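Across the two complexes that follow, chain A remains constant while its partner is chain B and subsequently chain C.
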Partner chain A sequence: MGLLLFVPGFHNDYINLTFRNILMYAAMSYGWNMIGGYTGYVSFGNVAFFGIGAYCSAVLSRAGVNNLFADVGLALVVCALFAIVVGLPILRLRGHYFGIATLGVALGLTDLANNLDFLGGSGGLNLKQADQAHFYLYYYAMWVVTLVCMVATFFIARSKLGYAFVAIRENEEAAQVLGIAPTRYKVTAWAIGAMMGGAAGAVFAPANGFVDPGTAFALDNNVFPIAMAILGGMGTASGPFIGALLLSGVNEILQQKFLWLHSLFFGAIIVLIVLFLPRGLMYLVGLRGGLRRWFSDLRAFRV
Partner chain B sequence: MSVAEARDVCLRVENVGMRFGGLWALDDVSFKVERGTILGLIGPNGSGKTTMMNVISGVYKPTAGSVLFGEKRIADVPTHDVCHLGIARTFQVVKPFASLTVRENVAVGAMYGRLGAKRSGKDAFSRTDELLDFVGLGRVTDRPASDLTIPDRKRLEVAKALALDPELLLLDEVMAGLNHTEVDEALHLLREVNQRGVTLIVVEHLMKAIMSISKHVIVLAEGKKIAEGSPLEVTSSPVVIEAYLGSRFAKRQQEERER
Partner chain C sequence: MQLLLQNLVNGILSGGILALVALGFSLVYGIMNIINLAHGAYIMLGAYLAWQLFTSLHLDPMLSVPLAFVALFVFGYAVQRTIINRVVRAPVLATFLLTFALSLVFVTIALFIWTGDTRGVQTSYAGANFTLAGVTVPWAKLLTLVVALAITGLLYLWLHRSKMGRAIRATSMDVGAAQLVGVRVPHVYGITYGLGAGLAGAAGALLTLSYPLTPTMGDPFLIKGFVVCVLGGLGSVEGALLGGLVYGVISSFATQFDVTILGQHLSGTGLQDVVALIVLLLVLIVRPRGLVGRATV
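The block that comes next holds the complex of A and B.
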């Protein structure tokens, strides 16, 4: 993570953009990890928060406020409130039904952005960017956002709150009998994750200079963070970052070498990960007992 | 009922009925549990014992009647707040948090149970270490819960429930699947828990285990309370024998006794 501070030193726009995207995906992956990894509620709609964050910055910019602190601040507040208001009804649902509901939320927001005039409709909104000399500002801002997500995840996982999340994931009924109010903690986890995704969106919008429903609620922005968290290790504090680094790297290489088939390769890689490393890379790091343990664990996942 | 008597009653089950579709899993069941005692709840398979546990612990809301803990109606309290009143339970099918260590499993209870709000994470873990030593899991504290043997999983269930600092503890077949020595160890543990002032309701279909631990037993069959009394009274009751072993056996035994 520290090494990524030196990326702007290359003074290469392509490298800069690639690594900023890695950081952005990592932050979104941390957001998903909070609800999907720790609490065990797989959300297919976390891109909603990225989009909300991006539009917060766009609206502020149109109102004449071009300040990253204001952008992120507004995104945090709006995303948390939105997550609570939407989460209270849909997080009463258990298991798959929640996933379906979140998909609906993301699709609904895309339509809303497409049709609301003050959000620029399908044409999108332009944002005022910093001049070229200060352009690396956005890179560092994204770096800070990602670092905060990582550190927050680390500390939450070791707090009472984190244990409530994991207890719900492992067995909701048993958690409830131990005094954990499931809906309250699920909404908390979702709201924390929402703030992480929103912050990434709030920095992305001015860095990109333009926001429309297609970029803010892009399919990639929904799927990549999930795949990254799974690759790195769901429910770990380093998993999403490692996953983002590796998966983005692989994706870049595939795009350069096999432009036409890169999605196919990318899909194949995800299938292989789920088959052979269902608990992600961080699980290998902590694995005692070597190959034999790995095989016996793999078998345990099979029917 | 005098005031003194009311104070001694820990739990009052009043005409509880629980219906699932067309089936009354519990039908007009009433009993009282006195503070500091061990109540045995027995009955053949499918007699409604676990349903009773679920009603008392607030997992199910009864279709009829009510369960009173002190002055509180359990049905009025959300499931996750029942343990804050002072009622804890174990599950017949043990439900450990598989990816957490034994210590973390119990600590979750200490963090969110009756006294949990006052505890920091650190306090919760020190309370946990006391409990793990008490139930005899001190040697496996940092193992993942999924690695435990059956007797240890049962111990873990008890430790998790105790971490809630309960006044009333419901034990749902904690001795099922244990061998003779393990049953003895479990009985010893339960007596010790009771001596610490915790009221127990022990559900079991091992008659023998119940007989040695509780002075008062309730027998359920097909959702109805068919007998209540001391273990000796209950086991010699023809109705109970019939429920367990069938009417032919009961009749034969009756005839033998008359001869």
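The block that comes next holds the complex of A and C.
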């Protein structure tokens, strides 16, 4: 993570953009990890918060405010409020039903953004174009956002709050018996994750200079962060970052080598990862018993 | 009154195909606990198969429906036995990611074979319609609805009457117990996944009558199918049918929604999915297991 601070030193816009995207995906992955990894409530709609964050910056820019602190601040407040209001009813749903409800929220917001004039409709909104100095500023801003997400995850996981999240994941009824009010903790986890995704979106929008429903609520931005968290290790403080680095890195290299068929190879690589590491890289770290154990564990997943 | 009736008919007409899309998704979801993100890709493959047969052999898409079903059934069976079966008991997110990656592969291959250009099937009856009691009904959509309903009915009977259907339902209730009474679970899973893909393929072939074709055409149907099967209740044929029709009718009525708030014009045509999704959320809050009670097949 610290090494990534030196990326702007290359003075190469392409490298800069690539690593900024890796950081952005890592932050989104941390956001998903909070609700999906720690409390075990699998959300399929976390891109909603990234989109809200991006639109917060766009609306501020249209109102004449071009300040990253204001952008991120507004995104944090709006995302947290939205997450609480939406989370109170839908976090009472269990399992897949929660997942589909979150997907519904993300899709609903996409349609709304497409139809509201003050958000630019389907044409989107332009933000004040970034000059060269800002280009690096956005990189550092994204770096700070990701670092904060990582550190926050690390400390939350070791606090009473984090233990409550894990208790809910392992057995919600038992957690309740122990005096943990599930809904309150689930909404807290959901809102913290929402703020992480929102901050990433708030930095992304001015860096990109343009926001429309297709970029703010992209389907890929919904699935990639989940894939990264699974690969790196769900419910860990380093997993999302490692997953983002590996998966984005592989995707970027493939795009360079095979412009046409890169999705084919990218898909094939994910297939192989799932087939051989269905529990992510963290499984290998904790593996005792070598290859034999690995393959016998894999066989347990077959029918 | 006329408008009300027209909207109701439009909704039912578009709901039939949604039910068919949701049916395959729901089967795989309910029986194997796999969120099959490749479902949209199977719809797309079925549609392109029908398009290819239409362009090179002038075969009517209606005749391609059974062909697409069989082709994708075989394909789905093979995909399940060779790839998905290896991680079928892993946590649900593993198969979620796996089917997402598979869909990426299928869509890229389709992009390579058929390019990204928008394609369409022009049948002789494409624009034809008839009017009954002042309500306009397009023939193509009516035909689509009838075929979708017929397939749903056949599937229901097959699941409840045939030996294989019973084996499938038994497996969905208790894998271990099914194995004890001699059900070959890998084969049953292969058949189930094949059925899901086949139904998607049939839906895709039907869709060519009224929708343009692109390699990513399956995405919106995948998402609607997901919503519809949860709306109706997971893994149940009746649920998928009811959910599809309800979704169709609601989004059809939503097009009539037209207001201006604080100078912001809101038209229902762009927001029909928002309205349908709000209804979904309300249904889930009142009935957390969908419209048709318990999740059984």
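The criterion applied here is as follows: the second predicted complex is superposed on the first by the 282 of 303 C-alpha atoms of A that agree within 3 Å, B and C clash if a C-alpha of one lies under 4 Å from a C-alpha of the other, contacts with A are read in each partner's own complex, and residues count from 1 in each chain.
Following the convention adopted for this analysis, a contact is a pair of C-beta atoms (placed from the backbone, for glycine too) under 8 Å apart; a residue touches a chain by one contact, two chains touch by 3 or more.
Keep in mind the model is a prediction, meaning the values are calculated, not measured.
Q: Check the residue A:180 against both partner chains and state whether it touches chain B (first), chain C (second), both, or neither.
A: Only chain B is touched by A:180; chain C is not.
Q: Tell me the contact category for A:15 with respect to chain B and chain C: first, second, both or neither.
A: neither
Q: Would you check which partner chain A:275 touches, where first means chain B only, second means chain C only, and both and neither mean what they say?
A: A:275 sits against chain C, while chain B stays out of touch.
Q: Check the residue A:159 against both partner chains and state whether it touches chain B (first), chain C (second), both, or neither.
A: Touch partner of A:159: chain B, not chain C.
Q: Could you look at A:171 and tell me whether it touches chain B, chain C, both or neither (first, second, both, neither)?
A: In the superposition, A:171 touches chain B alone.
Q: Look at A:65 in the shared chain and tell me whether it touches chain B only, chain C only, both, or neither; answer first, second, both or neither.
A: Neither chain B nor chain C is touched by A:65.
Q: Looking at chain A, does chain B or chain C touch a larger number of its residues?
A: It is C that touches the greater number of chain A residues.
Q: Regarding the shared-chain residue A:260, is it in contact with chain B (first), chain C (second), both, or neither?
A: second
Q: Let me check the overlay on chain A: which residues of chain A are in contact with chain B and also with chain C?
A: No residue sits in both footprints.
Q: Tell me, which parts of chain B touch chain A in their complex?
A: Those residues of chain B that touch chain A are 57, 59, 78-84, 88-89, 91, 95-100, 104, 107-109, 111-114, 116, 120-121, 124, 160, 163-164.
Q: In the complex formed with chain B, which residues of chain A make contact?
A: Of all residues in chain A, those touching chain B are 158-160, 163-164, 166-167, 170-171, 173-182, 235.
Q: Would you pull the chain C residues touching chain A in the complex into a rising list?
A: It comes out as residues 29, 35, 37, 83, 85-98, 100-105, 107-109, 112, 175, 185-186, 189, 219, 223, 226-227, 230, 234, 264-267, 270-271, 273-274, 277-278, 280-281, 284-285, 288-289.
Q: Going by the contact rule at the top, pick out the chain A residues touching chain C in the complex.
A: Going by the criterion above, the answer is residues 42, 89-90, 92-94, 96-97, 99-101, 103-105, 107-108, 111-112, 114-118, 219, 223, 226-227, 230, 234, 260-261, 263-264, 266-271, 274-275, 278-279, 298, 300-303.
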